[in-house]
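What follows are several structures.
Note that subunit A is present in both complexes that follow, paired respectively with subunit B and with subunit C.
Entry: the complex of A and B
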């Protein structure tokens, strides 16, 4: 069905999904950028963020968008504590140690959620869950529009914090050259704790936003973690602006591919893009920018 | 001599004390061990737990009545449940573990089709009868296993009865003739059965049906919005989807969020599930589903089961609990009929038995030569506001009412 309205409609849906993909990948990018650690517990915090949003919603009738904001300080603190108690101890070990530790943490989080909330599908229905806005003849789901708006706002805030605050500049400096960072007086230990806290907070924040679109169980988050990883590889691993571009690439490829292939192969696209990116451009789109500038 | 006497006394006194201690107590009842591997966690966790409830209820019935009488001897029945986490490989190895480590006498099946397909290789190896009510794909019964029996009518029949219902609604003028169909199906044997039935019916009745979209999707998918975009673009009148519970919830939520609407929407057997209705709220109203059982059935056995389950679990039962209850009862009845715990004898009792007073529509379970239930006991229901359902097909049931079609657009 390659008609113009269908192609435009698919494009709008892809753009909105890109916002969602970007916001769920920032946390992974921050942690990898500063600590060079792949946070395999990212999915666990996405899931826990979703369940905490459910708790706020059920106990205090707190809207998921406000729940997402509440999750930021709560999970920043949780991430900081986890870094101090667990992650810090394996930072100087081989990379496999941190991988195993964080994978184990994901399993623990899953089982804790299972013990508390059981294995049944949970969902949050708000007054606007099923609302759609007519825009230029296309009906756009309000929830997707909200998530997209929040993703843009988050990107703006992140850009401001990274560019105009001491913590942000210290984070960027550590990403670029940790040793030089130490030489100019940056407390890299503290910055790593901030990075892990921020990464955890962003994961939980994204988990809250996902409750607007999906139902969830303790197993929730696995496919999104794979997509987040693909996105940060496409974006260039240490480049926060690249994350947004990576999210857009994945979303547009996934959405338009369904026009030409079976929808059951949708997840294969993420795997294929990951393999292609690692072989053809391991530095992601950031590498292409650098090449074009030089 | 004195030493011999002392030794004899040392052995005899404890034996005497033991005899005195147990005198007056009833002899311990011998035990029949039944094992099952269910997805208590993972993607199918909710359904797996419902199956556990149904199995437990059936076994509790027997134990509370003083045990199961087999060949003149009463047996206590125990149920061992292991969790496969919705993983096929784990499921198969745990079933084997039940047989080799736990030495179970009989097996009850898991849920869903993919996990039953993983499990079904074990029973024939050990000649242990296996009765399942969680897998309905016809592929399960095409592999020639002799010890595998299923109480669910095939998914092919589900697709066929759905098309029969649509044809009836066309004849009543509630749907246009020919009606255009957008069909999406999970890429499993379950989904393949469904799409084959739909395509066969469309081919047989080109004057009634026109399939304008035929797409598969991945089981346990995370985002169906690109697929739904294609459904929307197809401009079909009817939307049919064969999906399991988690995919149904995600897909229909995204369907509603996209502001989509069709004159008839059906997700195979999904829709009236309590979990689905809780997750989707009024968004699940007016959906049409083909079910193996529903609490809306007014026969005494179904009403009794609904009342008892509601009292015990403070919830309304779905087909999961009813069919698992039936499945366990069929196995227990077959053991009783066989009069022995020998696997081959119980297998034969299952193969030739006629199990009456079942909950399935029609009330009778008997198995075909391939082990799958004979006939196609299905009812079609429509979700109504206020978490109720009405039976809309077959017309011959006294409780059947007219379907509300075209489905009202959600406000």
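Entry: the complex of A and C
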């Protein structure tokens, strides 16, 4: 089991998964950062993104990758509307109220999807689904490489937007200090709407990418949502760069742990890590070195 | 952040005084206990009663921590499942079912302490997220412990089961015990402490409320009752499977029952469970999970317009009937909480 090629191939797989995990968690991190709301409907939008990709694919033979791009504006608009109609109304109340509202939204999305598409496994088979490319002497499925490439590109664009545009800067300023943001003239209400739109769009985008790798049902999304929580908690909740770190940690721990335990127990690692991280290091892994420095 | 308590004003209970409430519950209980004597052969009715009471008991149990203290847990399926498996294994070992329920409750309560002591230190929403993690981790672990749990094929239990009347009565008894516990805790020192810490954790601590202790007491009381219910459920079905007794759906059912019925009230979960099971039973054959859609929509409406749930609606209807002017919903600063400093909710 623990041969060098084996370790390297697991490492490559872990790296590829980390890219997907990062994209999948960014939406959650943006919404949490700006609004301090834990978005329990994240799973619903991951799932809906996947099903919309299926619809595009069946209706117009649209490739899942293009479907992912199409999902960005569609779900940005959906997120914006949901914010204006629902989420905004509970923002001033107890934090648990927004959590429960978004949880209810998840239930609604999930069961509407069940009513429309039923509970059977769905999958999207493209011309390249079963192709593989040699990388460092290992044959890697093409879909995984594509997903990783798209994930990297998206993270690059997102990084640029956050760092160099007005909206991005306003968004980060709001994350750091909402009141100071208001003082310098940022419309925080508007920024919250943008954040919820972006978060929803990224969830759906990630959902589309997931269709390249997995089959899906309306229940699909729950485990990915929990993993996203683990990732943003590991990353430090309000730290966008931390998302990538968290994604890498989770992905590598999961991938290598499978060498030592039953594969069916893999998800337990993420769940256990979530609970432990919440209790032991609410500031994320970054907390470990900031604390040791002081 | 200070105005928080205004929006979910966790009702002060039904409009009746505690004594009237207890008398009403007693009368209702006696009436329901007479049903098997009147209709001993109506299996459908007895089953309906069995499941409704089981949900009533669990909704009430969940509400002790979730409603009074505001610590919303999405992980009670872990207690239900542990209870179900405890009863299953003891029953297979030759115990009479009734003797296994207290043990099932104790196992669940012990587990609740293991989980609760570290996680209840987290504030509200983080606790909720952690409980999802614990609940799902338990389900996957149990699915993989095939030696004990039967894994993906589940466990078949003895077929010599008590009568439907026995199940009906036992379930009613569980609901009655849960009601008594919930009502008693609410008026006790612990209940007052829980409600104080829900409004302001630091203020409660500064006044000497032992918040960590009270939260754990509430958690393990709820876990004990839910664990016992899990045991009863296992006896009824004569079959346990990790995916059903540890399911996320089981966890969220309890959350929904308490929230829709009326968070923090004694009658809320009773009302919530009746509606929940009625809708579920009505839609079961045509569409197995449709009740969750109905409940999701209801939950959104309740969070937006009537934070006190069905119990709040009932209270409003009661006031209107007596001619008193109904208070406008979503409570502003003048809402149900007497001392909510700062500005109100969404004004």
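Following the convention adopted for this analysis, the second predicted complex is superposed on the first by the 286 of 294 C-alpha atoms of A that agree within 3 Å, B and C clash if a C-alpha of one lies under 4 Å from a C-alpha of the other, contacts with A are read in each partner's own complex, and residues count from 1 in each chain.
We adopt the following convention: contacts are C-beta pairs under 8 Å (C-beta built on N, C-alpha and C of every residue); 3 or more make two chains touch, one makes a residue touch a chain.
A quick note: this is a predicted structure, and the numbers were derived from the prediction, not measured.
**Student:** With both structures lined up on subunit A, is it a clash or a fit for subunit B and subunit C?
**Tutor:** Here the two partners, once superposed via subunit A, clash with each other.
**Student:** One more residue to check, A:223. First (subunit B), second (subunit C), both or neither?
**Tutor:** Both: A:223 reaches subunit B and subunit C.
**Student:** Return first, second, both or neither, reflecting whether A:116 touches subunit B, subunit C, both chains, or no partner chain.
**Tutor:** neither
**Student:** Just checking: does A:143 make contact with subunit B only, subunit C only, both, or neither of them? Give me first, second, both or neither.
**Tutor:** First partner only, subunit B.
**Student:** Could you tell me if A:3 is touching subunit B, subunit C, both of them or neither one (first, second, both, neither)?
**Tutor:** first
**Student:** Determine, under the contact definition given at the top, whether A:77 touches first (subunit B), second (subunit C), both, or neither.
**Tutor:** It touches nothing on subunit B or subunit C.
**Student:** Examine A:55 and indicate which partner it touches, taking first as subunit B and second as subunit C; both and neither are also allowed.
**Tutor:** It touches nothing on subunit B or subunit C.
**Student:** Does subunit B (first) or subunit C (second) touch A:262, or do both, or does neither?
**Tutor:** After superposing on A, A:262 lies in contact with both subunit B and subunit C.
**Student:** First (subunit B), second (subunit C), both or neither: which does A:17 touch?
**Tutor:** first
**Student:** Which residues form the common part of the subunit A surface touched by subunit B and by subunit C?
**Tutor:** In the superposed arrangement, which is not itself an observed complex, subunit A uses residues 114, 223, 262, 264-265, 267 for both subunit B and subunit C.
**Student:** In the complex, go through subunit A and note every residue touching subunit B.
**Tutor:** Counting only subunit A, the residues touching subunit B are 1, 3, 5-6, 9-10, 13-14, 17, 114, 118-123, 125, 129-130, 132, 139, 141-144, 213-215, 217-219, 223-224, 254-255, 257-259, 262-267.
**Student:** Residues of subunit A touching subunit C in their complex?
**Tutor:** Within the complex, subunit A touches subunit C at residues 38, 86, 89-97, 99-101, 103-108, 110-112, 114-115, 222-223, 226, 229-230, 262, 264-265, 267-268, 271-272, 274-275, 278-279, 282.
**Student:** Spell out the part of subunit B that touches subunit A in their complex, as residue ranges.
**Tutor:** Answer in residue numbers: 40-43, 45-46, 48-49, 184, 186-187, 215-218, 221-227, 229-230, 232-234, 245-246, 249-250, 253-254, 256-259, 275, 278-281, 283, 410.
**Student:** Hey, which residues of subunit C end up touching subunit A in the complex?
**Tutor:** Contact set of subunit C toward subunit A: 3-8, 70, 72, 74, 118-119, 121-122, 124-126, 128-130, 132-134, 136-137, 140-141, 143-144, 248, 252, 255, 259, 287, 289-290, 292-293, 295-297, 299-300, 303-304, 307, 345-346.
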